[in-house]
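My structure is below; once you've seen it, I'll send some questions.
Chains: A, B, C and D, in written order; residue numbering restarts at 1 for each.
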Amino acid sequence: MEMDYEKIRAEARTAEIKAIQKQKIKYLSISVIVILAVLLVWQLAVQFELVSTRFFDSPIAVIQRIIEKISSKKPDGGLLHQHIWASAKVVWFGFLLAAVIGIPLGLFMGWYHLCDRIIRPLFEIIRPIPSLAWIPIVILLLGIGVEARSVIIFTGCFVATVLNTYTGIRSTNQTLINVAKTCGASNFQTFVKIGIPSAMPMIFAGLKTSMGSAWGTIVAAEMLASSNGLGYMIQMGRSFGEVSLIMAGIIVIGILGFISSGLVSLVESVVLKWRPKK
Amino acid sequence: MSDYKVEVRDLCKNFGSLEVLKNCNFNIKRGEFICVVGPTGCGKTTFLNTLTCLIPPTSGEILIDGEKADPKKHNLSFVFQEPSAMPWLTVEENIAFGMELKHWPKDKIKTQTEKILELMGLTKCRKQYPHELSVSTEQKVVIGRAFAMEPDLLLMDEPYGQMDIKTRFYLEDEVIRLWKELGSTVLFITHNVEEACYLADRVLILSNKPACVKEDLTLEMPRPRDIAAPEFIEKRVHVENAIKWW
Amino acid sequence: MKLKTNPLLEDHGPVYKFFYYAGPVMLIAAFLLLWNSVSAAGKVMLPSPLEALERMITIWSGNVAKHPMIYHVGISMRRVLTALVFSVVVGVPFGIAMGWNKTFRAVFKPLFEVIRPVPPIAWVPLFTLWFGTNEFSRVAIITMGVFMPIVINSYSGVIMVPEINFQVGKVFGAKSTDMLFDVVLPSSLNAIFAGIRTALGGGWMVLLASEMLGAREGIGFLIMQGSSANDLTLSIVGMVMIGFFGALFAYGFDFLERWLCPWKRK
Amino acid sequence: MLEVDHVAKTFFSDKGDTDAIEDISIDVRENEFLVLLGPGQCGKSTFLNIIAGLVKPTSGTIKLDGRAISGTDQRIAMVFQKTGVYEWKTAMENVEIGLKYRGVAKKERREIAQKYLDLVGLHGFENAYPHALSGGMKQRVGIARAYTANPEILLMDEPFGALDAQTRYAMEEEILRIWEAEKRTIIFVTNNIEEAVTLGDRVIQFTERPAKVKKVYDLSSLERPRSQVSPEFLRIRQEIAANEELTLE
């Protein structure tokens, strides 16, 4: 019996493609339905006052609130973009300061053993102190201005940046170091030509972590010691009992955090274009 | 001036009380192709690292052109077993890497890079990064980088270890071609006896740990060699028996 | 007995050796000197290191805000630990389920992705609004910060189990439960522990934030109290405490991990 | 005993479809040492995974003892590439998993596992974790594990690919010794021509992706133990190499 295997194969292929697509659509629709359902339940629960409106506001109201905040200063005395600018400025300043100081420090500590040995004890003392704990000292020394908040952000970003940079340069492939050495490179040349590029992926991992923590820190710092910024806005929402303002603040911060780490990833993909794509 | 390009005298290396190298003695003539074979775990890596001055010997000395070997002064070049192209450099940047470290003049680097790219047929992928290449092509880049520096001594540590026969034969012929073209002095380490007999002017056979040069075998067979010729097989079996542990 | 030489020092001169031993001490001394001179200059109310040390001892032996020091430390520890234990007990299985079951993942992954970019501290006002400023509210906020990294790491741990580990299991006839406990769990233990460690770091932050924003006890309260009562030593004591216990916890977890993963011991 | 009938496999992904196997039919004989030889990523591992039941073929069937099988089967065990040994289990625990998952009592399965650990020469390493074992020893664990599951067919997926040339020779001799001691059907995948000629009763050469059978070599005339420098050995090796395409890219 002669069978037409060409045809059987072609049929099997189409069947398999169909099955795969069906699966994909199934899981995608589950995800979409869940998100929509959550929003809907939330909206209806508020609309029919199943939950107290003192504690919740509906998604539509929150979005309205965000739009309203663009042109209204009430009740916290600032427009949305002013708050965003105030927070973002501090976050980026502290973040970049930590990068400028932390990356070289991590590199030197990772490469030069003496440097590691000297700095490590002091670093280990500072390392486990969360950035918020620095607030009293920073306020005392620098007041409650932009610089003070930037320094608080800095303390949080700094540790993550140093640690990741350190791990990165420490994991430099020994073979690549040997290549440079046999080519007659000095220790410093090897550091620049091999160590630093090898550490790059981990440096960016560290920057992403520190960017994430920076947005958390800024909210707390602004709640505690500031008269503007998104954290302040949320805190005011709390004081005036306006739930929609709190929720609006949370959402805006989430979006900003997302954009910021997206920016870091963007820089990463440009700088590290030599890395294999996943 | 000495007759030999490289002279190794009474080379010893101990790690604590563990003797790894013991009285290694051999010479390499200018432009010679030497293969080193030895049983697995015989201290091969230490042997190489000592030769390239990555670790200092416990006693004994390595002379290049009659002077003590120094990677800053002499041109030593190393092809490692694992792929060692810099992942962040393109193919042409990788080839120029060693020359730049040696501060060659810019135009000389450029012409030399072109020459090597041409010789190895890598012109097509000159702008590519290593992760975009196959393992064998990456190894070609590394070999090109090593030859480009016109080294006094080129050390190759089993560069074709994991490759299949066909690719290996091809790359072996390639290395012979480069060697002839550029007149380098090559020390090639391998686990594969057939490969050693195919490539070498002379084969150095290492003993078990602590390693020393057990036998220095000159192979006078015309190239390209026929791996099925009785003379070739005789030499191959001879070397194999000298190191066989399995 | 043979004297062991330090291989890192072998090829270096006396200057290097001097800094190798004296350097760390000198840097710490320089730090203390700087601190001392700032406080001596008198422009700000910074206590000198010596004064701080003295006060530290008196603080430990007396009461702060109606309670002994150990009470404040203890209550902070309790909050973090409660949140952590809850998050591990619930979060690890949750994360594993998300990696293991596609439907479960399709349901919960998008929700997590939406919540993830919001820093946990941002929830503090909302939670205090919902639950008041009681113990439950605080632990809930800390849980918010700790839960997320634990779930995400457990999930990605399962996702990144090499395909070959599953294949081995299948070929040798592993049932679902075998696969889960014998393959998936040990393979992703590394990632789970990494998650717990990240979570702990974040947990201290949220703890401080929640205690600094209107609490009557706890380390965060002490730090804030020091600031508002112009008693900076108290803040410094708080910093030292949280740093010390933070480090202690981190070491504890390293130890626990080594104990749980005997195959990693050298 | 094992029949592979017109198996084809296509992988579908967002980036596009890849035909891994075009159309392969093979009959495997009882207690035969069958080597599947092919270049780099030619789909030979996929083919082995299909036989093992780990990958579902797009079309075609696998028959064992005349009955079609789908999914994994007790009668088929596999030796994986170097990463196949569970690093969180000792050598003994690794070897016994086949019996453990089948519900064999601990005492009994330990006995069987011990027998095969001894056979592969790992006596005394029962309680060692894989990180303490050399590459060759890890592969021995893999072989013992496959044997302990007591299969009719052993599949081996480039088990010696990561070993150095000499250790590889040693392991080749080892696997032949074990095979002589406990005859099973072995299907061995490799990209190494020398290894194929050393081991196989038959060598099936695959083409580049998508894989097809290019040529079948019957080596039963080549006497065991084989010498890698005999003229006949070198001739066959040369012949196979000449049929292989050179793949650099």
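One rule holds in what follows: a contact is a pair of C-beta atoms (placed from the backbone, for glycine too) under 8 Å apart; a residue touches a chain by one contact, two chains touch by 3 or more.
This one's a predicted model, so the numbers in the text were calculated from it and none came from an experiment.
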Per the definition at the top, count C-beta pairs in contact and tell me whether A-C or B-D has more.
A-C
CA centroid of chain A to CA centroid of chain C, Å
18
Taking each chain's centre as the mean position of its Cα atoms, how many Å separate chain B from chain C?
50
How many angstrom between the C-alpha centroids of chain D and chain B?
34
Just the number, please: Cα centre separation of chain A and chain B in whole Å.
47
Where chain C touches two or more other chains at once, the residues are none
Connecting every touching chain pair, does the picture come out as line, ring, star, complete or other?
other
Chain-to-chain touches, reported pairwise for every pair that qualifies
A-B, A-C, A-D, B-D, C-D
If we count contacts the way the header does, which residues on chain A are in touch with chain C in the complex?
27-28, 30-31, 34-35, 38, 55, 113-114, 117-122, 124-137, 139-141, 156, 212-213, 215-217, 219-220, 223-224, 231, 234-235, 237-238, 241, 243, 246-247, 249-251, 253-255, 257-258, 261
Please name which positions on chain C make contact with chain D in the complex.
162, 164-165, 167-175, 178, 182-183, 186-187, 189, 261-264, 266
So in the complex, the part of chain D that touches chain B is made up of which residues?
39-40, 161-162, 164-167, 169-170, 173, 191-194, 229, 231, 234-235, 237-238, 241, 244-249
For the complex, give me every residue of chain D touching chain A.
6, 8, 10, 12, 23, 58-59
With touch defined as at the start, can you tell me which chain B residues reach chain A in the complex?
49, 52-54, 71-78, 80, 82, 84, 86-90, 97-98, 101-102, 129-132, 149, 155
